[in-house]
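Pasting the structures in now, so scroll down.
Shared between the two complexes below is chain A, which has chain B as its partner in the first and chain C in the second.
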Partner chain A sequence: MEEKLLEVKDLSVAFNSYLGVAEVLDRISYSVDENQWLGIAGESGCGKTVSAFSLLKLLPEAAMIRNGEILFKGESILDKSEREMRKLRGGEISIVFQEPQSALNPSKRVGENIVESLRLHQGIRGEEAKRRAIQMLDLVKIPQPRVRFSQFPHELSGGMQQRVCIAIALACHPSLLIADEFTTSLDVTTQQEILKLVVDLQRQSTMSVLFITHDLALISECCDELIIMYAGQIMERGKVDRVFRNPSHPYTRLLLNAIPSISRKDEKLNSIDGSVPGLVNPPKGCRFHTRCKQKIPGRCDVVFPRETAIDETHRAWCHLLYT
Partner chain B sequence: MDSIVSIRGLKKYFPVKSEALFGKTTWNKAIDGIDLEIQRGEALGVVGESGSGKTTLGKLILGLHAPTEGTIDYRGHDTGRMQSSVVFQDPFSSLNPRQTVFDIVKEPLESVRGTRRGQGFRQTILDILNLVGLSEEQMFRYPHEFSGGQRQRIAIARAIVAKPLFIVFDEPTSGLDVSVQAQILNLLKELKGNSDLSYVFISHNIGVVKYICSRIAVMYRGKIVETSGNQELFDNPLHPYSQHLLSAVPVIDETRMSKIIEFEAKAADEAAVSNGCIYYSKCPIRRDICREKPPQRFDATEGHSVYCWARELDQR
Partner chain C sequence: MAKWLIRRFLLLIFVLWGITTLTFIIIAAVPRNPAIAMAGSQSSPEQIEKFNKRWGLDKPLAVRYYEFYAYLLQGDMGTSIRTERPVALEMRNFFPATFELATVSVVLSFLIGVPLGIVAALKRNKWPDQVTRFVSLIGVSTPNFWFGLIILLVFYYLLGGVGPGRVTSAAYEPTRITGLYLIDSLVTGNWSSFVDCLRHIIMPAFALGFFGIGIVTRMMRSSMIDTLSKDYIKAARARGLSLFRVITNHALRNSLIPVLTVIGVLYGAYLGGVIVIEVVFSWPGLGNFAYNSILKSDHPAIMGVVLVISIIYSLVNLVVDVLYRYLDPRIKF
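The block that comes next holds the complex of A and B.
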């Protein structure tokens, strides 16, 4: 079996908050293969972003890793020192955030934002760094890269700023790109352009992408596999076409029917009653049981269900799937 | 048909002061010449990208901005009903944190009936709260005790309580999760039913607009480029911008990354923008005339109009 690029095993993360301890991630496990697009989907507060930030050890101080391990290329991330992490971040693993305005340093020119990462990770300086930075701007299809190089971030539109962020993230040829809702603040037409750009760039290189989004349609357009999360637990995972064709968890089915899509005819949307539960004293067992119409009292609200294989890669965690 | 709002030649320019001391003021043309009718009982969707002027149009219709030029005629005040009300995107900032749900929902009733005695409204308010899915014991709570979806229900209760002729919804579900969004959309659809209440529904989420609305207007840079019946727009979009926009909307389906119609980025042609069609520099089907004269409204079929020279010339 080929080695996994990234493996997350039984990861549990909790946050100290003024209301008590919030159990944000509850024993989640997943892996990313080389050259793979993995989508993580879920509603707000389900732990998508926390699971990505824990890969880079970027969690805030209130966070506690309770349990589990994270292996990147076979090495444990949780055991690494801050100095080692700094080399990893932006080098082997990079991240693109939702808001390009706050991800770029506003007091530095666009070019310096890129050169900084080249200097830190690859020791490239001076004219060579400038040449590489302009090359990167050209790669992400920014028109007039030489002019843009010496402009400030605020002079660029949101879509152009996000292109710059992508250029920075890809400058050091990472093996894993974490894309955290990176098209959410953009207009649909710009979103489609940016997504296509990253798909094209990924095809030209050996890079895996961990794509975090609340938009299942975007995942269907670019990911190989996806994970559906709810309130800090994984509900279902598998190849994108299999999961969308044969959603096996009640939550996935409800979620798919709750999306108003332009390809729908006039059928009624399926709403899910209630809202996502608070994570301080979360529901016991499967956390979706409080909103699930098919719950089995005495089981769903007691223990988390075990893994059920639907096919080779398709897995779901639900008591209804076995007896 | 019976129109309740009739908009003619509407323009709204915002001044943009130059940074230089005696610099020249330029104008941001947020709304640049719009004609639109809102029919009684229809749900009109307004879609477009950020900066296309959707929200400004909504505010002009509500009278929250004064137009720079053009007119908005309202009909039906004689019915004694409230003219209009609004539901905003962010239910955290649009509800007064120091008022209870009861007080929030009571306010429109007081302004319509001109009385300050609250208790008589109790039953009316309770009925409205039940209608939007809130219970009696929640009536005297404060907004911070509710989730985002519930707050949006309170805002909707406030909007419908005085039986307005039309309601402007400005991105009412953008801040909500998918599962909660579906609850609110179903509620809005139910409330509307077959009543003569009209909706103006502004959203960048075209799937949401398709679900709620009976007619859709597509905006681009301060102008309406196409208006059409709901399904017609998706079956047969006529304006090249509408086609581009619709092709970019992600859809769950197994043929991946194949739909986007890619346009060659052409350098912006400012002469065309000020004299001719605003979409000239990006348009794949442009003609010479598009550079010189702004397109006029062209009715392709009954209820489907487009502002595009190429489409008009093709059908002549």
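The block that comes next holds the complex of A and C.
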């Protein structure tokens, strides 16, 4: 089997909050292959962003990694020093945020951010750095890159700002790009343009993408595999087409039903009843049992189900799948 | 920008007119005759009449009000009743000392307040934060004259520091160019004079500026905490920058912008609070001059002091506004 780019094993993360200890990630495991798009989907607050930031070891002070292992190119991230992590951040693993207007320093010319990264990771400075930065802006299809280089974020549209953020993230040719809901704040057309841009750029290089979103439709457009998360636990994972064709977890089925589709537009919009449980003293067993219509009392609310293989890569964690 | 400056300038003139009018009314309303203050309560009615005639105090208020502006427009601020010298000349003599003192206080407030604020923000709710909170609370709530007296007691009498005034003796006075001794001595390369001036100014500046240290620390702390929670800070960290680089390259400038506006407020507070500090430290500045003028009901001198302080205060605020707009690219003129 080929070497995995990233492997997360049994990762648990908890937050100290004034309400108590919130168990935000509960023993999640996944892996990313080279050149792969992996989608992570789930409702707001299920821990997608936290799992992304754990990869960079940039969690807030209140967070603690309770358990687990993260291997990047075979090396343990949790054992790395801050100094080694700084090389990784922006050099090997980059991240693009949800809101480009707040992810760019308002008092810095946009190009300077790229120059800063180039200097930090590749030791390129001066005119050469500027030339490379303008090249990057051109690469993400920003018209008049020379002019844009010395503009301030507020002089660019949201779509342009996100292109700049992508240019910054890709400046040092990372092997993993984390895209944390990076199209959510844009209008639908721009969303498609930006997504297409990243798909193209990914094809031209050797880079994997961890695409975090709550929009399953977007995942179906670009991802090879996906993970369905609920309240800090992984419910199901597998190749996108397999999971879509044969959703095996009740939560996945609900999510898929909730996608509004044009053909069914006169039906009422499906939504999932109930809400995500609090993560301080979370429900025991499978955390989804409080909203699951097929819950088996005495089992679902007692232990977390074991892994069930649906096919070679398709896995689900649900008591209904075995007896 | 030019249009904006012109508008600000017209506003400035309007403000100055308002302030001088108000001062004029207050002086007129206080039932105290400079003749009594100057010549003594034993003076005969003839003497008082002669005094009033000499200083134009016998004229109706409206005429005196009109004459004040008429002369002012020609650059004449009148003559001090107490010193019998032109007020404009007195201003030129005393003003630099005060401006220098207030400026050093503002600089001190920032030099101490900004780093303290940053440390407090980074160590939020830990002991460094608690300590700075306590220090700034004292700074904000201590009357500066009391603080000045304590400094005087501790450093001058107990520890045997430098004496009162701006310099030890006339020999240390630098060649007068701007009247700001620190600058003059630097420009003329008079090193021993510079050191002597610095030693003299540091304590009164600290007494005057302690209040500002508190304010700047608190403002810097909250502004820095606000900035550090921004996505672009997380983004910069995620790009591999160290915390130190993130603060110097990304957070500092953005969190300084709101704090800079306080410079204007500080100058206001310092120019107002300077009277007490100058008297306590025998500082030969406007504050001392104002104090003596008020004691003697020296009307032209009081008007002069008020006018000069208002002009400086307004100009400083104008400069701060320009600076603010320059630092924040989102604000247009």
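We adopt the following convention: the second predicted complex is superposed on the first by the 315 of 323 C-alpha atoms of A that agree within 3 Å, B and C clash if a C-alpha of one lies under 4 Å from a C-alpha of the other, contacts with A are read in each partner's own complex, and residues count from 1 in each chain.
Methods note: a contact is a pair of C-beta atoms (placed from the backbone, for glycine too) under 8 Å apart; a residue touches a chain by one contact, two chains touch by 3 or more.
Just so it is clear, the model here is predicted, and its values are computed rather than measured.
S.K.: Would you mind checking whether chain B and chain C clash or fit side by side on chain A after the superposition?
M.R.: On the shared chain A, the partners fit.
S.K.: So in the superposed three-chain picture, is A:K196 touching just chain B, just chain C, both, or none of them (first/second/both/neither)?
M.R.: In the superposition, A:K196 touches chain B alone.
S.K.: Look at the residues of chain A and decide whether chain B or chain C touches more of them.
M.R.: Touched residues of chain A are more numerous for B.
S.K.: Please work out whether A:R125 is in contact with chain B alone, chain C alone, both, or neither, and reply first, second, both or neither.
M.R.: neither
S.K.: Draw lines from the C-alpha centre of chain A to the C-alpha centres of chain B and chain C: what angle do they form, to the nearest 10°?
M.R.: 80
S.K.: Between chain B (first) and chain C (second), which does A:C222 come into contact with in this model arrangement: first, second, both, or neither?
M.R.: A:C222 sits against chain B, while chain C stays out of touch.
S.K.: With both complexes overlaid on chain A, does A:V276 touch chain B (first), chain C (second), both or neither?
M.R.: first
S.K.: Just to be sure I read the superposition right, which of the two partners does A:A103 touch: chain B = first, chain C = second, or both, or neither?
M.R.: So A:A103 only meets chain C here.
S.K.: Once the shared chain is lined up, is A:L255 touching chain B (first), chain C (second), both, or neither of them?
M.R.: A:L255 contacts chain B only, not chain C.
S.K.: In the superposed arrangement, does A:S94 touch chain B (first), chain C (second), both or neither?
M.R.: second
S.K.: Considering the aligned complexes, could you tell me the closest Cα pair distance between chain B and chain C in angstrom?
M.R.: When the complexes share the chain A frame, the smallest chain B-chain C C-alpha distance is 5 Å.
S.K.: Which chain A residues come up in both lists, the one for chain B and the one for chain C?
M.R.: Overlap of chain B and chain C footprints on chain A: empty.
S.K.: Inside the complex, what are the residues of chain B that reach chain A?
M.R.: 49-50, 147-150, 177-183, 185-186, 204-208, 210-211, 234, 244-254, 256-257, 260, 265
S.K.: Flag every residue of chain A that touches chain B in the complex, lowest number first.
M.R.: 43-44, 143, 187-193, 195-196, 199, 214-218, 220-222, 240-241, 244-245, 254-256, 258-264, 268-273, 275-276, 291
S.K.: Show which residues of chain C lie in contact with chain A when the two form their complex.
M.R.: Residue positions touching the partner: 230-232, 234-242, 249-250, 253-254, 257, 327-330.
S.K.: Could you please specify the touching residues of chain A with respect to chain C in the complex?
M.R.: So the residues of chain A in touch with chain C come to 56, 58, 86-91, 94-95, 97, 99, 102-108, 113, 116-117, 120-121, 152, 154, 165, 168.
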